[in-house]
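Sharing a structure with you now.
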Amino acid sequence: MNFASDNWAGVTEQVSRGLAEAAGGLDAAYGNDTLTRSVSERFNDLFEREVAVFFAATGSAANSLALSTFMKPSGIVVCHRDSHINTDECGAPEFLTNGAKLLPFGGHEGRLDAASVTRTLETYGPNNLRGGRAVAVSITQMTEVGTVYRADEIAAIGAAARAAGVGLHMDGARFANALVSLNCSPADITWRAGVDVLSFGGTKNGCWCAEAVVFFDPARAEDFDFYRARSGHRFSKARFVAAQFDAYLADGHWLDTARRANVMARRLADGIERASQARLAWPIDGNEVFAVFTRDRAERMKAAGAMFYEWPAGHDSLERPLQPGEAVHRLVTSFVTTEADVDGFLAVVDEG
Amino acid sequence: MNFASDNWAGVTEQVSRGLAEAAGGLDAAYGNDTLTRSVSERFNDLFEREVAVFFAATGSAANSLALSTFMKPSGIVVCHRDSHINTDECGAPEFLTNGAKLLPFGGHEGRLDAASVTRTLETYGPNNLRGGRAVAVSITQMTEVGTVYRADEIAAIGAAARAAGVGLHMDGARFANALVSLNCSPADITWRAGVDVLSFGGTKNGCWCAEAVVFFDPARAEDFDFYRARSGHRFSKARFVAAQFDAYLADGHWLDTARRANVMARRLADGIERASQARLAWPIDGNEVFAVFTRDRAERMKAAGAMFYEWPAGHDSLERPLQPGEAVHRLVTSFVTTEADVDGFLAVVDEG
Amino acid sequence: MNFASDNWAGVTEQVSRGLAEAAGGLDAAYGNDTLTRSVSERFNDLFEREVAVFFAATGSAANSLALSTFMKPSGIVVCHRDSHINTDECGAPEFLTNGAKLLPFGGHEGRLDAASVTRTLETYGPNNLRGGRAVAVSITQMTEVGTVYRADEIAAIGAAARAAGVGLHMDGARFANALVSLNCSPADITWRAGVDVLSFGGTKNGCWCAEAVVFFDPARAEDFDFYRARSGHRFSKARFVAAQFDAYLADGHWLDTARRANVMARRLADGIERASQARLAWPIDGNEVFAVFTRDRAERMKAAGAMFYEWPAGHDSLERPLQPGEAVHRLVTSFVTTEADVDGFLAVVDEG
Amino acid sequence: MNFASDNWAGVTEQVSRGLAEAAGGLDAAYGNDTLTRSVSERFNDLFEREVAVFFAATGSAANSLALSTFMKPSGIVVCHRDSHINTDECGAPEFLTNGAKLLPFGGHEGRLDAASVTRTLETYGPNNLRGGRAVAVSITQMTEVGTVYRADEIAAIGAAARAAGVGLHMDGARFANALVSLNCSPADITWRAGVDVLSFGGTKNGCWCAEAVVFFDPARAEDFDFYRARSGHRFSKARFVAAQFDAYLADGHWLDTARRANVMARRLADGIERASQARLAWPIDGNEVFAVFTRDRAERMKAAGAMFYEWPAGHDSLERPLQPGEAVHRLVTSFVTTEADVDGFLAVVDEG
């Protein structure tokens, strides 16, 4: 009954085995090894075009270094107020980009909408010597409130970005969960919809520390190795990341893993919908369930062995406002979540 | 016969097994897990005092973030001209410290000497508003030319640093090899000799990506978690580093591994001393052998299957200057080096 | 009828004369000259205590370098959404502080309120490794919508900052106008109310480029000369700033100048209150008048020779919302504004 | 007898008068005023081509911001060991460029030579992910030891830079003195010789704070206004810099001023050549005289009213090494230096 976060899990057996198999032998350092090269090429197939891919080991590094490639002096990154880069990365985007200003605003159910993006990009145009100039828009798939962007929603934002001459970055920390939920191809919700660079996350979905920064226009990646190097994110034994991705991507393992987490979340959500003492905060698309119940109830459930956290964000998307004593709680599933975990939770949600 | 670098090796069986054993279960993210805590405490025993320890995943991150804790505006880090931070980290120390100037100078056999350090610290005193002010001295153990600092040499530099009110950092990427070579305790060549912070390297000696930043005065570490966070070096599933260190430090495994590499290097050096067509560049202390032979010979040896690189640094420490056609070559051993590798190399060194 | 901005004016005769008188002779560079020292000391009298004062030449430099002294890694500066540092300094606060995140929020009539400040400081506490940690609060006196903070309002914010262990910075670009408006002493609205450091502006009020960063606790200023030096803000012929301040502060010249600007603004505001086709947006405290009238009218008035700009901020403080076609317009007075300018404007405001 | 530095002088009468004349009236802020535009255009004539020119107020800002336009992640700026950017700007080039590493090396009489530049640029090529990659070469005209680069020497370095695809920056803090000494056109020693951007100094030669960054390829200047803005170097009343340059450039005033300083230096040098107790350190080209005499003698001369400083740099260019007790002393002349100052100094140089 541990729904604290998907980054509390370790790694899947396949990933663990893949890493163990890569342990021996000698190969070139700093990503010039055979495994890194072969795994990198696999991303071309995955995205149905030639991409430039670089591995990183944390999501914050992937996001911040990806955003660096758009950065200009006085650059601004437009993002959702609740986005991970704005609220959870402790200044890494600002620092690693040499001082980008994140320009956050709201948006229903965790999503930016294209009209607001367009307005903001007009305000922070290329000659704005007071407020600064937008250089990129960053969206999160799936969002911080567990919803996903549909391909057409992304495309509208992509068009807005392109019209303003700025880049579009996607923080795909839970890209696999979104993909499974949308039942579409990786290309459909990335470059075909105008995404320029994707942080393709593996860590939350069964790897130790495997993130890939995927550039759909390889020319944009020109300086990326230097961005990694100057920030200490270039690994000497780089194949340990490649080995994780090798196992992760093999035979659709990554999608199976995400699917399992999503299914568990669906089961959990369905149960909460049936509950009388709890309700869903907003629609559930992937492996995160946000439920409204009282803080008292939360305490009792924790006492009964459940683990989860109260969630401070997204409240303006609630259909029915919080009543006194109520709070929004986040429940995250992952590849280690079992039906027993879910059913155990549901068994006590209405108790007391 | 692959002597390219110790970071071409993968991981030892123990480390690989340790990592596999940590794969299951759920535990808190961001280093708040049980394993990270228990491994961290082990460093207290190792260094015979209470230390503050933080894990990192690359040596450049460990060094640069460690140096950040000394940084002030217009700060200067005094280091050897050939030091890794000055020549191999691609600007990471400058970038991650917000613009420290590295002030490099020479020194026999890769070592700084205390007298030069003192003179430099006097020039870049605390009120130098033109040239900047020294904030730290950084030394490398073992050095980039394969030599080690003795405890008394470190202590002399430590005294110089303390007298000037600046910090002393040790880049211990090959700390284990130095320790085995010196046959002393970790405390003797660190805090007892005035070292304030140590980058304790595990990567080159049998881990995937395991570096520890060890503060001998825990108060200095106050902001370290923020330095890690803002640069994207805070790992969500932090226990994958802890698991490596857990196995690495168990039962003296780390020293065994280093000892094996050093023994292989000794065997290689002894052979080169006996050779007629090659000679040692300078004394050999650990797992790096620097040998002088002609570039023609190098080509022939590579054709015979040997791997190694020419080395551009340290030439002013050569007893006998390079003759036309000669170059210095670096041969690095590691836990995967076999006697067959060494003997194979020695079998062909005088050929042709 | 030019109300574009107070930085469109040149310098007062006294300041110009003072600068000319300083032109001759030789004296030490970099602020070690006699004039810089003597003018600096005058700030002790002005603020009724010993202060540490440093000159700068732009308001952005003064603000950003002042904030630097509070900065820690992942540091956050709490400020009003419409504050100059957030909307008009083109990323200088972020850049010069090594990547501070500005955390903006709203507040009635351009002012932060102590309760909101307290809540925000609680969220971004000293151990917030996700969102970052607050290091300072910055307020503007007078605000960007022309209002002033009373001493008790500042004191409430000062208490909130002190309780949270963070600093309080005041951007005093129009400090003189606020002071005249409040009719109190400089000490009352600065250190006595908890302000730690003040950007004391001279530029907008009759100097060419004269800003002073005033530290009420001289110990905090320890590194300031280095912050200036590393950002290119240390002037070799520093006495040219000192000479401006020498004339500016002599015989209350700075207050006379501000008073004149405020009187002109009052006259303008009174006229607008009497007008039928325009209304004041909110209360007028200093030398900035914000008036609501239609864009059509604005065009006609510009055609008649008036200069001013539409103002995008502060609209949530309007008592009566904007009607279709209406906008808020900013009219700034300065020491060069004449009664004829004001009366000329008022003569046409109701026309057409 | 004050030869401390040319930045100890104030401003010339013409410059002072020009500034006073600009004091009145209203005009657009931030460099959009009439005067800034007209003075900027004058630089086209001066350099015989269309240039992009931006004003700054300190030499460190001009140099560092100019270098920023070449910067890439892990960028390296090649410069002379004794260059002002390397020894006197307190980390501003590193900081304002987001962490450029300055790569200093020696060179006879303060000059870089093209062959060494070529070798260095080869080492730090565009793919050097260890040491970093060169992005620019910076030379100083005149050099820190008072010598000048001839046009052909600059052209050789310019060719080396172009061949390597990096930029060439000239720190022209004493450009006017060099120009007068070389008796050539500004174009000859800048863009015709391969210089991409020039820091054109006015401050040391009779202005308060007037530096111009001159881009010979206006396209390179695209982001410059943002570099200025984000570092607080964009002046609201920008015309106060323009007014200085307006007077400085009128009727060859700037060259007259430099010529006078050079003539005084020549007179001083001639006297020292005739002296028995002092000798010139190396050839004298402009307004700086470097003389070798004993420290005892220096003390006596200071007691007699002379002001100057010992000079730590350039000693490897001395024809005759320093004898015990001797030191190199720098004597700087400027537009305020009189024949009486020079003759007074020469009268006592052999005394005692």
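As written, the chain order gives the labels A, B, C and D, with residue 1 at the start of each chain.
Simple rule for what comes next: a residue touches a chain if its C-beta (ideal position, glycine included) is under 8 Å from a C-beta of that chain, and two chains touch if they have at least 3 such contacts.
Quantities reported herein were computed from a predicted structural model and do not represent experimental measurements.
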Fill in the blank from the handout: Taking each chain's centre as the mean of its CA atoms, the one lying farthest from the centre of subunit C is chain B
Problem - Comparison of A-B and A-C (more C-beta pairs in contact) - result: A-B
Problem - Length of the line joining the C-alpha centres of subunit A and subunit C, rounded to whole Å - result: 41
Problem - CA centroid of subunit A to CA centroid of subunit B, Å - result: 35
Exercise for the section: Give me the residues of subunit B that touch two or more other chains. Expected result: 73-74, 89-91, 94-95, 98-99, 129, 226, 229-230, 234
Handout entry: Chain contact topology (line, ring, star, complete or other)
Key = complete
Fill in the blank from the handout: The residues of subunit C that touch subunit A in their complex are 73-76, 87-91, 94-95, 98-102, 128-132
Fill in the blank from the handout: Listed in rising order, subunit A residues that touch subunit B in their complex are 2, 4-5, 7-13, 15-17, 19-20, 22-29, 56-62, 64-65, 89-92, 94-96, 203-204, 208-209, 226, 229-237, 239-240, 336
Practice task
Write out the stretch or stretches of subunit D touching subunit A in their complex.
Solution key: 30, 68, 72-74, 98-99, 129, 133, 223, 225-227, 229-230, 234
